[in-house]
Each structure stands twice: as structure tokens, then as C-alpha cells.
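The two complexes that follow have subunit A in common; it is paired with subunit B in the first and with subunit C in the second.
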Partner chain A sequence: MKRRALGFLISLWAVLTLNFLLPRLLPGDPLAALLDPSSSAYVFNSATRASLAEYYGLDRPLVQQYADYLAGTLRGDLGQSIRLNRPVGELLRAHLPWTLLLTLTALSAASLLGVLGGAEAAWRRGSATDKALVVSSVIASNAPVFFTGMILLIVFGARLDWLPLAGGRTAFARYGTPWEAARDYAAHLALPAVTLTLALVGSKFLLVRNSMIGVLGEDYMLVARAKGLSTGRLKRHHALRNALIPFVHHLAAHAGFALTGALFIETLFNYPGMGRLVFESVVARDYPVIQGVFVVVSALVLGANLLADWLSYRLDPRRREAL
Partner chain B sequence: MSAPLLNVHDLRVIFAPAAPGQPPARVVDGVSFALDAGDSLAIVGETGSGKTTLARALLGLHPAGSVSGSVQLGGQELVGLDEGRWRPLRWQRIALAVQNAGTAFDPVYRMGEQIGEPLREHRGLSSAEATARAAALVAQVGLTERHLRAYPHQLSGGEKQRLMLAMALSCDPELLIVDEPTSGQDMLARAQVIALLRAICAQRGTALLLISHDLAAVSQLAGQVAVLYAGKLAEVGATRDVLSAPRHPYTWGLLSAYPDMSTARDLSGIRGQMPDPTHPPTGCRFHPRCTQAVDECRRVEPPLQLHNGRRLACHLGGLRALLRAEGLRKTFTTNGHLGPAQNVEAVRNVSLEVYEGEVVGLVGETGSGKSTLGRLLVGLLDPESGSIVFEGNPLALNNGSASRHLRRRIQLIPQDPFDSVSPYLTVCQIVREPLDVQRAGTPAERRERVREALAAVGLPTLDAFLARHPHELSGGQLQRVVIARALVLEPKLIVADEPVSMLDASEQAKLITLLEDIQNERGMGLLLISHDLALVRKVADRILVMRDGQIIEGGPSSQVLAQPQHEYTRALLRAAPSFDWYTTSSGGNRP
Partner chain C sequence: MIREALRLPVAPAAAAHPPRRVRALLGSEGVAGLLLLLILAALAVFAPLLAPYDPDAFSGRPLERPGAAHRLGTNDVGQDILSELIYGARISLTVAAGAAAGTVALAVLVGGAAGYAGGWLDLVLMRLVDMILALPRLPLLILVNALLGAGLGTMILTIALLSWPPAARIIRAQVQSVRQRGYVRMARGFGGGPLYLFARHILPQIAPLIVFGLVTAAGHAVALEAGLAFLGLGDPTAKSWGLMMRHALNLPGLLLTDRWLWWLLPPGVCVTLLVLALALIGIGLESRLDTRLKQR
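And now, the complex of A and B:
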């Protein structure tokens, strides 16, 4: 497990370095537009140009810049947004919790549904229930999120008017009780979370179903049945417990997919997470923000993998020696 | 006598086809047996005979609807119970130690937890109580607390095998089913498991149903044995009787293929393959592989019934004597030119039998009457008295035309090939000669059969080779031609008189192997006459020792070689070739 943690740190360092190097490998530099006489943003005053370079630290040697960058990042300083002229760290702190709320809700819901449905479908392999679940999961996981999201918006938001159309909470609302606040947040979260859950649940269902079918064919399941154990114990204590081992790894690999999916859906539902921030930053070429998001998302995905390793270490005694 | 603990009657396990329109797989097809409390029964058979499926059916582990017939445990009918009714029976009354203990444990739980699991589930024991019971069980199979704390992947196959037994015994079942407890284990681990099973059954009075193809293990563990072939029982009886004197051709084949320390001869597998359970053969399921199958075997399914004190499923009452000779006697009279005429009793009151598919070695020194006996059997000489019955038909002693068609079923491979073929004939003519004599088929058919026979003995079938004369062939080639001549009439019995004595060791080995293969493949009987014990022991199922015109000793090869009863046999054994290093008197072993 120590080796895994070390691997996590090395990967994180590699991500940070890549994040530092990539923009510097592009032709020109961030101030090129300001220094190009043909550009509309050309700065005529050479003293201004020099102080700009000094302000952004671009006049220092690359190694120095790298050290400053690493130190800044570790302090939580991810630079300054060019578009909004606010620290990137502050922007992320404002938007990241929303994204995390959406992603984790959808991931949990999709995992729960995928595991329960997959286990049941595998147990009744070949039955009508199984076939219906397989078909609907394939459809759900292949429909584009903007399509499902749009349909949900039209039906539940516009036609039925059950749920709010956009935003993360009611603007300017004042909550009397925490319960009221929770209801408001949940109502806004519902549609984006359902959309993301639908996008995620299919692959989880299929994976659990397949690995469960594999486990059900193992000799130890036959022995467990021969031992006269109850159906519930066979299904959960033996079959599902073993089928979850590959699922944990899938979950980690899927965390990145879930996050990017969340970013799309946030734009669609105008949810206040990082999705809109990224979208607007890309349009405005606000590199510091994009880079900040890149670092945070990478760190989250790496963290999810570390967590998965730890979980599979807990779930599978055979891995304890391998780690 | 009280009712048996387990009474299986007409049990069938028929699996629905994988795709519609295909026939179902009849894996177990009408099996009946009974097992008394505290007794032991082994089910033996090749892989695919349905043993494991049968074992699982006794625990209700097959899909509902695939099992029919009756299984009664202590009078309670088990076939047709639903899962809810099965559950309390499993492990508490019938426990199963599965075949592959290596994969029989859930990889994510400790051994102690898995062994204690049935106790907690069935008996409502607390975790601590179950662990304490598990510790006692583990001690009983010779393992320690350390093994209880281990995960399956941390233990060896042998350890898991023992823990499997400990787990099977946890609820003290009345019936323990053990599926292949010794397969895939080294000899020491195997011996330990056998000793353990014996001790367990003796101590607890547990009835044991052993599923195995390990005949030695069966002989040590089971009082009764039932031989299963393609889902049906072929032979049932006391283990000692069945394994020491198999009566069903299949049991006999199984034993011939089984290596044990007392076997001297080469192993021979049973010819052909186990039939596919979706397309079982008509009639007797073993008939395509049986050497003695008659028309009835192809049409009518034989019931399992008593034949001379043994329960057999065979129309012919088990292995038949292919050839039975009784009281044969032959005396030669010298012509008296060199002195008074003398009677030489070459064969004196000899009786012998050759069973279906059997290789019998007839050994003895030169002049003991072996060759004369061989010639009497094939009809080259007429005995003065005695009788020969071949395939149930008595042969006329004066070699009349009435028995000609029977005679063609017995062929002789003579000692010296150069002596036994005409130097003026070609290879083709030599091999075709018996066909010409018997007027079998058209000339074209005869030529085709000549080619087949030559191919069977590994000779070229080119026209150029067919046109050769004996002097153009090597000794080994010519002997093969002679064998081909013997085979061309598709005989049922071959009498081979010193068939390889003229050849060098390598050519000998090749020809003997060839003869053995042909014998096994075609299911013939073979009477191998030889003075070379070292050679005979590699081939023969039984050995007869002949001296002065009489058979003085006979029995299974292993027995004759290991415990020769007659002084003459011992002398032959001492004289048989063996490497015995030359040493000088100074003690060095270098000349």
C-alpha cells in the first residue's frame, strides 16, 4: 500500500509538471498577443511590456519559474484568472463543491443501481427481467447526455413543472430551516444527477452482471450451495462480494469519465459547478483557469484510483501480498 | 435387514439442450444402487462417464427438472424437493467434498470462517462456538489453527483438500460424498488423504460415497464398487471381486489402463472414445468400444442383472472366453530309422483359455511343446484328443471344411518369416493368399484389403513394393508382411509363435509395439508364444509357463513374475536377460 501511495505522489508530480510544460511548449508565449505589433492588443510601451513579463514571472529562467509554480500550487495558489481577474483557487473553491456534489451523487446512485441490478440480473440470467435490464442499460449508457438531459428538462421541468429548470439553488432564497435548504438544493440537483446517473449506470450494471456471472460459475459457489446456505447469503456474502472486486477498479477508472460528464451536464442545466467555468474559460482562452481545473480534476482521478486500490486491498486478500 | 441409508433408483440427469432443436444430454441415465449406513461405495469410470454429475444430483445441485427417478435418504424422497427443502438436508445429512479443492473455497474469506459457516447457518452457533468447532475439525484432519486463519490462496492443494474434508464433516453428515479426493496430488499427499478418509469413516460411522478413477484409492477405501459408463452402471460388486477379477469388458479395460506397481505390461487405453451424452449409442453403450460386441449388443440395451454372482450389464454375461481348449494331447512318433520308434509326448493334456481382447504369453524353453500347442490351436496339427471351442463354437478336430470359416478367425504368425513364405511370390501375392484360399471378395476388393493390411503394419502400399519378392526385403519388413497376411482376414485371435525372435532389439521393440497396438485397436485376442520372458512381460495380461508338454503355472503377469510358484518359472526368471555388471577380482568394475 505504501508503494501505491508513492505512485500516487509521483503521478501527481508528473501531472503538475505536464501542466507547467504544456503551455510553454506551445509556440509563442502568453504575452505574444500583447507584444505582436499586428495584434489589436499590442502594447506600445516597451517598459510596460517588460513590467508585464516581470509581473507574470516570464522573464525568469525556466527552472526558477518551475520552482515558483510548484511552490505556488502546493500553497493552493493556482494563479490568476485573466478573464475574471480573480485567483483561480478562489474560483475553484466556489465551483468545485457543486461539481463534487453532482458527481458523487450520480456515481453513488449509479453504483447502487448498477450493483443491485447487475447482481439480480446475473442471478436470474436469461430471464425476462435480465433481458429487459440489459437492453435498457445499453440504451441508457449510449444515449448522449445532452439528449437525455434535454428530454428530462422538457418533461419534468417545463411540462410537468415539478423541478426547477436551472441553477444550483433558488436565487436570493432565505431558508428558515436546514430542511428547507436541503429540499431546495435537492430539487435543483435532481435532474442533472438523474441525467449523469443514467449515463453512468449502464456500464456499471453490465460489469457487475458479467463478473457476477463469472463468480456464479466458480467451484466455491457450488460448494456454498452444497453447504445449504440461504439464497441471500449465497448471493450477497459469496457471489456479490467477489464480483465487487473488479467493480471497484472500474469505479476508479470511471471517475474521470463521470467528472467530464458532469461538466457537460452542468452547462446544460446551468448548474453552478466547474462546467460553466471551464466552458467560459475555454471560450476566453483563460489558460490559468483551464490549467487549474486540469490539476484539480487530475488530482481527483488519481485520488479515486488510490482509494480504489485501498478498497480492493480491503476486499481481496489475494492482493495484500501483491501490494 | 433395515432399509439402506441411501437408495438410488433409476436416477436420470438429463440436461436440456443448449440450443433448441438439439437432443438433450443424458449424462446419468437410469442408475440404481443402495448404500447402507456406515458403508462405503465407490463409483468409478473414465472422465465424462457421469460420476460427478451423479454426485451432484444426490445434493440437488442440478437445475430443477433435470433430475428424475428416485433418491431416498433414510426413506425420504429427495428428487423433486425445492431449494427450501433441500437446504436443511445439505451438509447436515449429505456433505460433498468436491473434486478440485484448490478452487472450492471462497478466496475472500479465511478458512476458519468458511469451515464454521455451515455450523452458524444450520446449527445457529455463535461465531466463537463455530470457530472452536472448526479448530477441533481442523485438528482432526491433522492441521493447525494457523490454517484456520489463512486465506485459501496461502495454502497448498493438499492442505486445502484436508480442509475441504474438515468442512464437509462440520455438521457430522450421515453420508459423505467425496469426489476425486486423490486426483492431481502427489503420492504422499494422496496416501495421507486416503488414510484420513479411512480414519474418519471408521471413527464416525459416516457412509462414504467415493467418486474416483483412482482404482488403487478405491480398493483401499470402498467395500463396494459400481462401474459407471456413459451414464449407466456396467458392473457392480464387492471391490475386491470386481477389481481382482473384472467381468465387464469395460471394467477389464479400465484395469488394463490403470498403472499400479504390480503391473509389468505396458498400459493400453480402451480403444475409442467415451460417447457424447447427447448422442448415446443404441443398445449397450459400450458396444462401439467393446471387442466382443455381437449384433444384440447394438440393438438391445442390456439390463444390470446377476450373471454368476456378479451384477453386470452385458448380454454375453461379461468377458467371454474367445478360445477354450481342453485336454489337448499330441504325440509324435519317431520314424525308427535311427533306432526303435519312440513316442514323444509334445503336448500332454493341456487346457487353456484366451479371453476377449486379452494377450496371453506362453513361455517355456525350446522343446517344451509351445509351438506344437500353437499349431494345434490354429489347426495346422490335429490333436489326438481334447476339444477346442472358439467364440462358443466347437472346432472339428480333423480340420474339415465345416470349420474353415471359423479357422479363418484364428491366424498364425510363424517363427521364421523366410521359412513360411514362398520365395517365388510377390508381397501382394503373399498377403492376398489367404483371401484367395477363402475366396473372399472380388480381385479388386482383395487388392484393396491387401493395401489396408500393409498400411496397418506400417509398410508402403506402392505398386513397386507390392511387386517385390521376399529376398528383396529385410527381416523386419518380411515379418511385417507376414503379420499383414495374418491380419488380412480380420482374425479374432492371433497365435504368434516367436514373432520377433529373428530380429534385432530395436526392430523387436517396434514390431512388438505394433502388434500390441493392432491387438488393442482391433480388439483381438493374442497368444504370444515366446521363450523371452523379458519381452512377454511387457505385453501379456496373463502368462502361462509350459514345460515338457504341460502348463505348469499360469496367472496374471504381475503375479507370475512377482511370486512364481514353480521352481522352473523361477529358473526362467533368473535366466531372463538383465544387466549384471562384469567385475574383476580386484574389485574395480573396469576391465
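And now, the complex of A and C:
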């Protein structure tokens, strides 16, 4: 486990260093363009320009820039947004909860559906239900998220008018009771979350199904059946438990996929998370914000990987020696 | 698992029937995917013959509904949507082919070198693989493409540079196991150089992995290109399906009319079909690579 934690720290350092080096080393010098009056990306607001120059410190030696950058980032100073003239840290704090809400809702729903569906499909492998589930999960997990989202948006948002079209909550709403607030948030969350769940559930289903089929062929399953255990006990205690170990690992790898999928979905649904922030920042060439999102999303993905390693270590005693 | 895969059940009679041989290699899923891919590739290749108009020409009034002159209507500046769609196949397939070739070339280079040389080179290269694998790909792609400015070449290059590690890891493992086999060691004992051994003995053994890698990388690249174009990071001069969707969604109130039916839906369906075609070929290949699944 210590090695994994070390790997996490090294990856985090790599992310921070890339975030420092990429804007400075890429051809065309995108950062200098912001401060160069003859460039099309020139920032006209002099106060913003001053804070940019201060943050990137391009006139100082590279090593000192790096040291200042690392110290600043660790203090939580991620620079100033060009477009909104607000600290990037503040912007991220405002957008992050929405992304986490969306991602975690979809991940939980997809995990639940994937595990239950995968276990059942494996148990009845070869049946018509199994085949139908496999085909539909292949399609669902391969359709680009923004496409699935678009269809849901059009059908349930625009045509049927059941759910709100955009945003994270009703603008300027005043809620009488917490219940009303929760309903409003849930209604806005529904379509983006369903879209992301659809994108995530397919691969989870296939993974659980395959590892369950693998487990069902193991000798200990034959022994357990010979002992006369009930079907339910066989499924839950002997098969599913062992089939879940690869799933936990997959879940971590998928946390990153879920987060990045959320970025697209938020753009489509105008959901006020990090994806929407990236979308608007790309248009305005607001590099400090794009960099801030990169650092935060990367740290989250790395953290999720570490968490999954720890979980699978707890679940599977055989891995304790391996880690 | 690979060893069994290479003893593919190609009966002598089947060799005389190429279609059956393809089916044995790809399975029915793979054949379906291949057909779909060929149709989309035909769109790209024969675009000038198939498209009724030049996709950049202002061939009608803005926002025409579908009719005899414009089967899928026109966009907000009066360009024929059907022609845009047909020419869009060229962009998506270019990105797919370019990124896949780059990804697999890097994977073979790194995976092959690490697996063949072993020792410290293996250690260093595999740490590099771990490092890149740990980095979240999409945020990094967004950052780099935002900084570099939009361009098709940039996109292909950056996708390839960030996508090779998983394939490199698989190829390394296979090269390592092939290198230890008797006939390879014997060939080395007789003085076969690394390049000869690689071309003569190792390459044929990793060929199925290379094909599989190409197909999966192409699928991911198509989805990434569409997604990046959708976020506004695509090449504005290369009108891909992702860019078409972005243009359509930029029209205020698009969803409130039925205009999305012929403007937004077709490019979305095309991207999905292309990704699906590549995924199906991948699934077909994979189930033949991995015999563990077939035994049951």
C-alpha cells in the first residue's frame, strides 16, 4: 500500500509539473500572447493583465517560476480568471460540487444496475435476456455521451416537457421547504444523470457478467453446489463476492471516465459544473481556468485510483502480498 | 491465451472461401462491424460522387427544410447538410486512421523495446507507461489543444501521444513471452540479430494484438475527435460530425422546432455508427484473442 501511495504522489507531481511546463513550452507561447499588445489574445483589462503577469511570472527565471508555482498551488492559489476576473480557486469551488453530484449519482446508479444485471445475465448466460442485455449494453457504452444526452434532452426535455431543459436549478427560485429545493435539484439532475448512467452501465455490466461467468466455472463453485447450498447463497456468497474484485478495480479506472463524461454532459445540459466552466473558458481562451480544471480533475482521478487500490486490498487477501 | 488464438480454426476448405475466413477471424459481430465500417469508408472515399453539392458552397437559402433540392435541408448559412455529412466522414476517418496508426506505432516501439530488451530499459519505459496511464486523458487533451489552438494534425498527434500506453503494456507482455520460447532462443543462438528476430519471429506473434490495438484506438479517436470538436476545440476548417453538432446546437431554440431531426440527429447517428462499427470489430477480435471466454 505504501508503494501505491508513493505512486499517487509521483503522479500528482507529474500533473502539477505538466501543468506548469505545457503552457510555457508549447509552440506559439500561448501565455506570452496574453500580455503581448500585438497578439489577438491580448488582455485589455490592465488589472487582469497585472495579475496574470504576477501569477505566471514569465520575466523571472524558469526555476524560480516553478518554485513559486508549486508553493502557490499547494496554498490553493490557482491564479485569476481572465474572463471573469475572479480567483480560479473560487470558481472551481463553486462548480466542483455540481460535477461531483452528477458523477457520483451516475456512478452509484450504474454500479448498482451493472452488478445486479451482470450477475443475473451470467447466471442465465445464453438466454434471450442475456443476449439482449449484452447487445444493448454494447450500444449504450459506445454511443458518445453527448449524442445519448441529446436524444434524451430532445425527447424528455423538449418534446414531452417533463423535465427542465438546462441548468442546475431554477433561476432565482425561492424554496419554501427543503423538500421543494430537493425536488428542483433532482429534476434538473435527472436527465444529465441518466445520460451518464447509460454511458457507464454497459462496461460495468459486461465486466461483472464476464468475471461472474469465470467464477461460475471454478471448482469451488462445483463443491459449493455439491454441498447442496441454495441458489441464492451460491449466487451471492460464492459467485458474486469473488466476481466483484475486478469490478472494484474497474470502478476506479472508470471514475476518471465518468468525470470526463460529465464534462461533455454538463456542456450539453448547461449544467453548472466544471465541464460548463471548461467550455466557456475554451471560447474565451481563459487559460488559468482550463489549467485549474485540469489540476483538480486529475487530482480527483488519481485519488479515486488510490481509493480503489485500497478497497481491493481490503477485499482480497491475496492482493495484500502483491501490493 | 494468445497461443491458442493463433491456432485459428481455419480449415483448408475455409481458406478457399475468403468470406468464411473473415468470419472465422472476426465472428459475426466483427463481420457486422466490418460491413458498417466499409459503408462509412465508401462515403468518405466517394464523397465527391455521392454528395449533391460542395459542402462549403452556399447552395440554398439558410435553414431550408428537407426537400427535393436538399434532402436534409440546409444549415444556418445555406450549406447543404447532406453534403456536409458525407464529407464529414473523411474528417472522422482521417482522425481515426491517423491516431490509430500513431498510437499503435508508439505502442509497438515502446512495448517491443521494453519486452525485448528487458532490464533497466524495460523498467524505465514501464514507469513511463504507468505515469501516462495515471494521467487523465481528456483533461490533458483539452488543455493541450486549447493551448496549441485548433488543428486536425495537432489533434491526431495529441490523441496518439496520450493513447499508446495500454497497448504498449499488452505488447510488452506478449513480446516477453515470445522471446523466451524455444525457437526464438534457438534463432538467437544461431546469431539472429534483434531486428531479424523481431521481424521474423516476434512480429507475427504480436500481429493479432496490433490489429486489435488499431481497431480500439481508432474507435476511441473518433469519439475523442467528435467530443473535442463539440467542446469547440476542433479544427474550424475541418467540418467533422462533431463540429456539425456544435454548429447545430449553437442555433438558439434548435430543440424547440423539429430542425434537430435533420441537422443534429444525422451527424450524431453517424458518429455513433462509426464508433459502434469499430467496437464490434474489436469485440469480434477480442473474443477470439481471449479463449477463456469461449470455453464456457
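Throughout what follows, the second predicted complex is superposed on the first by the 294 of 323 C-alpha atoms of A that agree within 3 Å, B and C clash if a C-alpha of one lies under 4 Å from a C-alpha of the other, contacts with A are read in each partner's own complex, and residues count from 1 in each chain.
Convention: contacts are C-beta pairs under 8 Å (C-beta built on N, C-alpha and C of every residue); 3 or more make two chains touch, one makes a residue touch a chain.
Source: prediction; values computed, not measured.
Undergrad: Determine, for the superposed arrangement built on subunit A, whether subunit B and subunit C clash or fit.
TA: Aligned on subunit A, subunit B and subunit C fit with no clash.
Undergrad: Looking at subunit A, does subunit C or subunit B touch more of its residues?
TA: With both complexes superposed on chain A, more residues of subunit A are touched by C.
Undergrad: Which partner does A:L315 reach: the first (subunit B), the second (subunit C), both, or neither?
TA: first
Undergrad: Which partner chains sit in contact with A:L259 here, subunit B, subunit C, both or neither? Use first/second/both/neither.
TA: So A:L259 only meets subunit C here.
Undergrad: Which holds for A:R241: it touches subunit B only (first), subunit C only (second), both, or neither?
TA: Touch partner of A:R241: subunit B, not subunit C.
Undergrad: Return first, second, both or neither, reflecting whether A:A186 touches subunit B, subunit C, both chains, or no partner chain.
TA: Touch partners of A:A186: none, neither subunit B nor subunit C.
Undergrad: How far apart, in whole Å, are the nearest Cα atoms of subunit B and subunit C in the superposition?
TA: Shortest inter-chain C-alpha distance (subunit B to subunit C): 10 Å.
Undergrad: If you lay the two complexes on top of each other, which residues of subunit A touch subunit B in one and subunit C in the other?
TA: Shared contact residues on subunit A (touching subunit B in one complex, subunit C in the other): none at all.
Undergrad: Which subunit B residues qualify as touching subunit A in the complex?
TA: Of all residues in subunit B, those touching subunit A are 56, 59, 61, 83, 86-92, 95-96, 98, 100, 103-108, 110, 117-118, 121-122, 151, 153, 167.
Undergrad: Considering only the defined contacts, which subunit C positions touch subunit A in the complex?
TA: Of all residues in subunit C, those touching subunit A are 130-131, 134-140, 142-144, 146-149, 219, 223, 226-227, 230-233, 245, 249, 255-256, 260, 264-265, 268-269, 271-272, 275-276, 279-280, 283, 292-293, 295-296.
Undergrad: Taking the touch rule as given, give the residues of subunit A at its contact with subunit C in the complex, in rising order.
TA: 7, 10-11, 14-15, 18-19, 22-23, 26-28, 30, 125, 138-139, 142-147, 150-151, 153-154, 157-158, 165, 210, 213-214, 216-217, 256, 259-260, 263-264, 267-268, 278-279, 281-283, 285, 287, 290-291, 293-294, 297-298, 301-302, 305
Undergrad: Which residues, counting only subunit A, touch subunit B once they are in their complex?
TA: Going through subunit A, the ones touching subunit B are 218-220, 222-231, 233, 238, 241-242, 245, 315-318.
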